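Structures incoming, each one as structure tokens.
Shared between the two complexes below is subunit A, which has subunit B as its partner in the first and subunit C in the second.
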Partner chain A sequence: MSVLVRLARQPFALAGLALVAVFAALALAAPLLPLPDPDATEPANRLAALGAAGHLLGTDQLGRDVLARLIFGLRVSLAVGVAATLAAALVGGTVGLVAAFYGRWVDGLLMRLVDVLMAFPYLLLALAVVAALGPGLTNAALAIAIVNVPFFARAVRGQALGIVRQDYVAAARLAGFSDLRILLSEVLPNVAPLLIVTAATTIGWMILETAGLSFLGLGAQPPQADLGSMLGDGHKVVVAAPHVAAAPGVVVFVLVVGLNLLGDGLRDALDPRMKGVESGAPQPATRVERGMTGAGSGPNDSAAVLDVRALTTAFATPRGSFPAIRDVSFTLQAGEALGIVGESGSGKSVTALSLARLAPTPPGTIVSGEVRIGGADVLGLGLDRLRRLRGDRIAYVFQDPLTTLNPLMRIEAQIVEAIRPAPGEGAKAVRTRASALMADVGLPDPERIARAYPHELSGGQRQRVGVAMALANAPDVLVADEPTTALDATTQGRILELFARIRRERGAALIFVSHDVGVVACLCDRIVVMYAGEIVEEGPARVVAARPLHPYAARLIACAPRLGQPDKSLAPIPGAPPAIDARPDGCAFAPRCDHAVAACRAGPIGLEEAMEGRRVRCIRWRELSGEAA
Partner chain B sequence: MTAYALRRLALAVPVLFGVTVVVFLVIALVPGDPALAILGSYATPESVARLNAELGLDRSLPARYLAWVGAALTGDLGRSYALDRPVLDEVLERLGPTLILAAAALTLSVLFGLAAGVASAVRQNGWVDRTIGLALLLGVSTPSFFLGLLLILWLAVGLGWFPTGGMSALFGGGGVVDLLRHLVLPAVTLAVVATAILGRLTRAAMLEVLRQDFVRTARAKGVEEDRVISVHALKSALVAVVPVIGLQAGYVLGGAVYVETVFQWPGVGRMLVEAIGRRDILLVQGGVLALATLYVAINVVADLAQAALDPRLEA
Partner chain C sequence: MRLPGDSPPPHAEEPKGGRRVEARAASSPLLEARAVTRRFGGGGWFGTKRPALVAVDNVSLPLGPGETLGIVGESGSGKSTLARMLVGLLQPSAGDLALDGEALDLGRGADRRRLQRRAQMVFQDPASAMNPRKTVGASVEAPMIGLKGWDAPRRKARVAELFARVGLAPEHAARHPHEFSGGQLQRIGIARALSADPRIVVLDEPVSALDVSVQAQVLALLRELRAGGGLSLVFVSHDLAVVEALCDRVVVMRRGRVVEEGACRAVLSAPREDYTRELIQAARRFAA
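Our next item is the complex of A and B:
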């Protein structure tokens, strides 16, 4: 049922369905309609114009009624198109199923045959078949069906390959069912939607091409007529009486438009995965709609290189818009390193990306807050000023360097692209700078690496390239979003050393996002712990790591592995963080917290100044830290 | 790259073999007696038998295939009995106009298809995207034989901007300008469907690429958005689109049959339709073989272009 519902939600598909329904009804009802005999000639009344008495659409060169011929021609064209589609689906589907099911040489042979059929320009093979069989509507439809068999065979084989490897197919084999029975009862039902989609998206083509062959005089032969042959007849008198050709031409066009609208709609309805690919390529910058709430409150810390106030980024979901991070505030002083930690889904990456408006829109929108970098409010900048800020004042290192580097560009070009040339600085000087950057981040043999593509480097080398690009313009703020997560343990250590060295030597302020509290405690001065989109604790890194105040922070630290303590028992936190559209009213961690009481669930809990430089979002932190002590 | 090119060329050999087999079989399995078809129904049994022997039709299928392919390799595709000249000469003479038409149409469809797809993807779900999407759907559904008629009626007969059909010789005729005047309408007609298909595919490929992490990296580096789209995203999207451009060459070469008929363009397509009408089987065979071979070659080139774009494919 849900397929029909999804189909009904698409206005274009419904329009297509309506068109197709009207045409199908006309075609089916043709013999019942009060129409003149479509083959009755009336030489005295040749090429009558539109609206002539008794001939609404006029007559053709033999004086036959165009409207009657049109509706009967439509009947023929539709019937032939449906027949050709069914034939192609049956043969192509069988070939695809058999190839996937038997594999090995059967698959090889059938697919080579399909390849050969596809090696012909579409239609040309159809022409050859018609040439061999002789002109005629059946032969033309047969030819069109043959050239469409490969599309069905390939599509069905592709999907069936996955199905024949499933356990239930193996089970059916073991149970001794015949191959035919397995194919029909286990495999066919699973490829049926694909078969329907392929048929629905190709039937328009097949009607078009069959009409084309008739137009060329290779399809329907007189007295039989389809829309194509009517168009071919009209072609001969097109200047004197354009309506004779226009009527069937318009009908073919509108019919095929209707079929294609319906076919596309069916494809989207039956294959939501394809719709998923469709939904939303990110815009150049996160949308900002701060509305009435406006900028964050409180005095700005003018000394800070980065000042984030009440930042809230909402994500659109099918059930409405929900904040992925809410009311996030922190500052970063020059040369300071701030770690943001939390489980996946805690909002730490969304926070990091929102700073330079890199959180994806759709689905993200920044709905409130302020981000000041060097005094300017990033969220209020125009696209061009934002672009100039990115990579210059604030630069990023991302998680997986294999996907974050452009696979088609040489390393040098990607680093050069990151460098803002000084006025008058030539291409050669920029390349020298790129080379120096590579040496700086410890890339061996910069000359070779400059010419390499990302896939030719190791993971660690790729991440060093990522760091080199981020350092290109000596940014005020360097944001590293899980920069070591995708790397193996040894490489992780080396990249962390690199970050520590950059901090020592360059004094850039660093935001280091990680799920690993241990790493952050070593590298950073301060730490922010996030849960369900909110900061739950903030303070000096070593102090928080040693004596966390928030129960969630405590659990997170308890489950972090410690180097040199392999026997320490890791206590994973039971349960999962709430989905963004299912956040509880009070403390978001309460459902997983051992210390939760009724008051925790009563209402929103503020971020409280616990002591000098420490903030915590827990109403019980005092008693709990007393317990822990 | 050289190794990849050689491997790709080697892959084309079995495909070409298959193509020749299919072309041969389609014609060899023609129902009825070809000699009888050529000589007419009043021929004596003796003359039919003699012609069958002459044509080699009394031998086994594999023997006939080998003879046919061997001759084809030396450029002998037989004689067109209706035109009374070698098939090869006729095909080569007709190939030039078809190549001009197909190249013009393919160029138009690549330019407009890529532009439409990129513009659509960049403004995804906005009114530009919806308008282009609808236009592309209409394009995919267009019967080119009907569109050609409309263009003739409107721009050639009505406004007189272009000739209604025909083609003047490139050399000795009206020169390049006159050739272009004759080329515009057929090329546009032929380009519409391929443009629409390429536009839809480019949009999908661009959307796929724009979601990738490296696009975010480029934006984080402060690369101009135009450059993000044209250098980072489009180049990656082309890796997926280029092979389809090769496939579109097939639609264009096939669709040329309609367009050449409507515009009386003296190409292989119209030759084929006329030859089928006259049951000039050897001419059909030669024409189909020539276009299919050309198509296989175009797809090899498209695959090589794809490998040139994507260094990962060379490995």
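Our next item is the complex of A and C:
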């Protein structure tokens, strides 16, 4: 359904679809059409010209009606192309599936056979097959199917390899399913789209190739016509009667173009990466459209290295544009560490990314607010200055550096690339700086690691490389978005140790995003707690962790297990956070809050100043903290 | 200051055997791994002799009825390999499994099915554990088809019962995985593991991919299952606090071997081995 809709959005694919539909209808309806017998010869009326009486497209050298032959030939060519494609898809698909599923020697053997097939020049192989089997339409189709098997086998195997490693295949094994059943019910449905796309993009070529064999006299045998043999016949009289060759030539051309347009359209429609609501190339910086609200107002905190005011970033969804973060304000002093905590989807990453306009556009747009880094208005900067700001003033460490590191480049080269040389600084000096950085982030055996590729490192080592690259130009602000979430507890501890030391030794300001309040309380000076895209609480880290004011913050802290307290209750927060397009009016936490009253749902709730430099977005914080005390 | 790298500092002496505390269930083990070893790689087709990686090295592990056993260790210590061997998804290179005291030959389909009727698994990544093109109800029904041969009405009734048990509405069964959050999917994964009435559920890092708030929902469900009695759980995790909150007994693994083993609270409050101590310190340092 949605595939068809996406197909319908592509004008070229639609044109292809229309062409193919017309040809298919003609081919299917051929026996019903008022056409003369395509094989009836009429020697008296040889090579009649276009528009001759009773012969719209004239006749060929035996006086046969070209239009009739063309339509019946089209019928034959289409049927042969479809049959060859189905055969190649069936055999190639099976080979690919079996190779991927059984792996080991089965895979080795099958793929070696496929390699052998592919080693021969394509048409030569087809010719050899036809030579061995004898000329004829069926054999030609068979030959074309055989030479196309490897494409299907390889494509399917590649995709299936990823699928057989998925846990749902293991789960099907545990469910007691047979291999055949697993292949048919778990693996095949997931490679089917690829199989369809491969078939759709190949069928045009296969028709062309079969026509080629027929042209050479190895396919359709007289008197039967297919587009290829008609081309061959027409070729012989091309000077005397060019229309005899031109008619099948045009039809083959248009048919193949139509099929390929449709195939490409289908591929794009089935490709999940095209599923986005807004298409268009990703932009190098988040779009800023600050409309009416304009920049944030109020005095700037000139001492702060980072000053964020009323930042709102919206995302386009199929149901319209909705803010993923709204009205986010905070400041960061030099050398200070700020932790951002919250459930996934609460807007931590969007906040972190928006600071350097790294939130993806499309679908993201910064719709209001202001970000100042060392006084520079980030949201108003041109692309050049923004690029220099990234890395020099503000640098990022992400959850899994494997996604940001170049898999084909050695580690040292990547670190060197991250360093912006000082004026007059030579390559040698830059490399010295790179190795100093690697030593600084505690990479053991820096010489070996310098020469390694990203996949050769452990998760912890890769994260150290990520930190080294972020530190390359001594940024004022280091933003780490869940840098330890993908690591096991021990490695996580060591990386946190590294961040703590960087803070001490370098005095860079740090923004540390995590869903673990405990970690943030240990590492950071201040905490910001986010819920449904808003800051709901802010304050000194240890104070907030020990005595949260906002009910959400309290529940979040209460549900984390703690070593040494095996009987802690771990009461889960009921329900789930709202999606960005289903945010309730009033307090976003109200549907899950034990303390919610009618007033909570009445209207927007502001972030209120509370004691000890704390801020909280809850109308009942006073009475609730009173209750607790 | 010494900068720890990512591999733990070598010990002066490799702990041998670890300790075995007699906190083990008194009755005979339901499932027992007997000196299992699993190697990966090595050999190869055309004489590409690379040394094999020994992921699990001579591990013996009894699991009693109704007991909750935690397996902890760093990533790469062999926890998942051991877990997959316990349900027959991987075959041991040496050693074997015994079910009710009887040795299993995991090369035989019949023995694998015998094991799988008793032992099921919950996977780490809830997104990859559900076929995206099947409804979650169909995924939950699979073990009832493959292992029990139940008819459709009986399966439907059981799915509804299981969905209620893991806190989801029965009509959710008709939806596809992409319509659920990670925590919901993990609960559906638990429903699937329970669907054919196993006695053992092996959970491989079932909450590591989840937020604390969602993790709490899954842990609450697991605590409920444990309290229900009758079910043995094997809970693999690198998070000591989570293991402590859930398990009776714990096994500490390092480089494929069992380093220490015993009653969970005893081991985590008074570890005997340096390595365990190191794990605990690492977990404590950044916990407020």
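The rule is short, and it goes like this: the second predicted complex is superposed on the first by the 414 of 629 C-alpha atoms of A that agree within 3 Å, B and C clash if a C-alpha of one lies under 4 Å from a C-alpha of the other, contacts with A are read in each partner's own complex, and residues count from 1 in each chain.
Here is the rule we go by: a contact is a pair of C-beta atoms (placed from the backbone, for glycine too) under 8 Å apart; a residue touches a chain by one contact, two chains touch by 3 or more.
Just so we're clear, the structure is a prediction, and the values are computed from it rather than from any experiment.
Contacts of A:Phe177 after superposition on the shared chain: subunit C is touched, whereas subunit B is not. In the overlay built on the shared chain, the residue A:Gly460 is in contact with subunit C alone; subunit B does not reach it. Of the two partner chains placed by superposition, only subunit B is touched by A:Phe120; subunit C is not. Touch criterion not met for A:Gly339: it reaches neither subunit B nor subunit C.
Contacts of A:Gly493 after superposition: subunit C is touched, whereas subunit B is not reached. By the touch criterion defined above, A:Gly93 lies against neither subunit B nor subunit C after alignment on the C-alpha atoms of chain A. By the touch criterion defined above, A:Asp167 reaches subunit C but does not reach subunit B. Ranking subunit B and subunit C by residues of subunit A touched puts B first.
Listing the residues of subunit A that touch subunit B in their complex gives 12, 112-113, 115-117, 119-135, 204, 208, 211-212, 215-218, 228, 231, 234-235, 238-239, 242, 245-246, 249, 252-253, 256-257, 259-261, 264, 277-278, 280-282, 284-285, 356, 358, 360, 383, 387-392, 395-396, 398-400, 403-409, 417-418, 420, 453, 455, 466, 469, 472.
Contacts from subunit A toward subunit C in the complex involve residues 105, 108, 166-168, 170-177, 181, 185-186, 189-190, 343-344, 442-444, 458-461, 464, 487-494, 496-497, 501, 515-519, 521-523, 542, 545-546, 555-556, 559-564, 566, 568, 570-573, 576. On the subunit C side of its complex with subunit A, the touching residues are 1, 3-8, 45, 74-76, 84, 87-89, 113, 116-117, 120-121, 123-125, 128-134, 139, 142-143, 145-147, 181-183, 189, 192, 196, 211-217, 219-220, 223, 238-242, 244-245, 264-265, 268-269, 278-280, 282-288. Against subunit A, the residues of subunit B that register as touching in their complex are 14-16, 18-19, 21-23, 26-27, 29-31, 121, 124-125, 134, 137-138, 140-146, 149-150, 152-153, 157, 204, 206-208, 210-225, 228, 232, 235-236, 239, 249-255, 257-258, 261-262, 272-273, 275-277, 281, 284-285, 288, 291-292, 295-296, 299, 309-312, 315.
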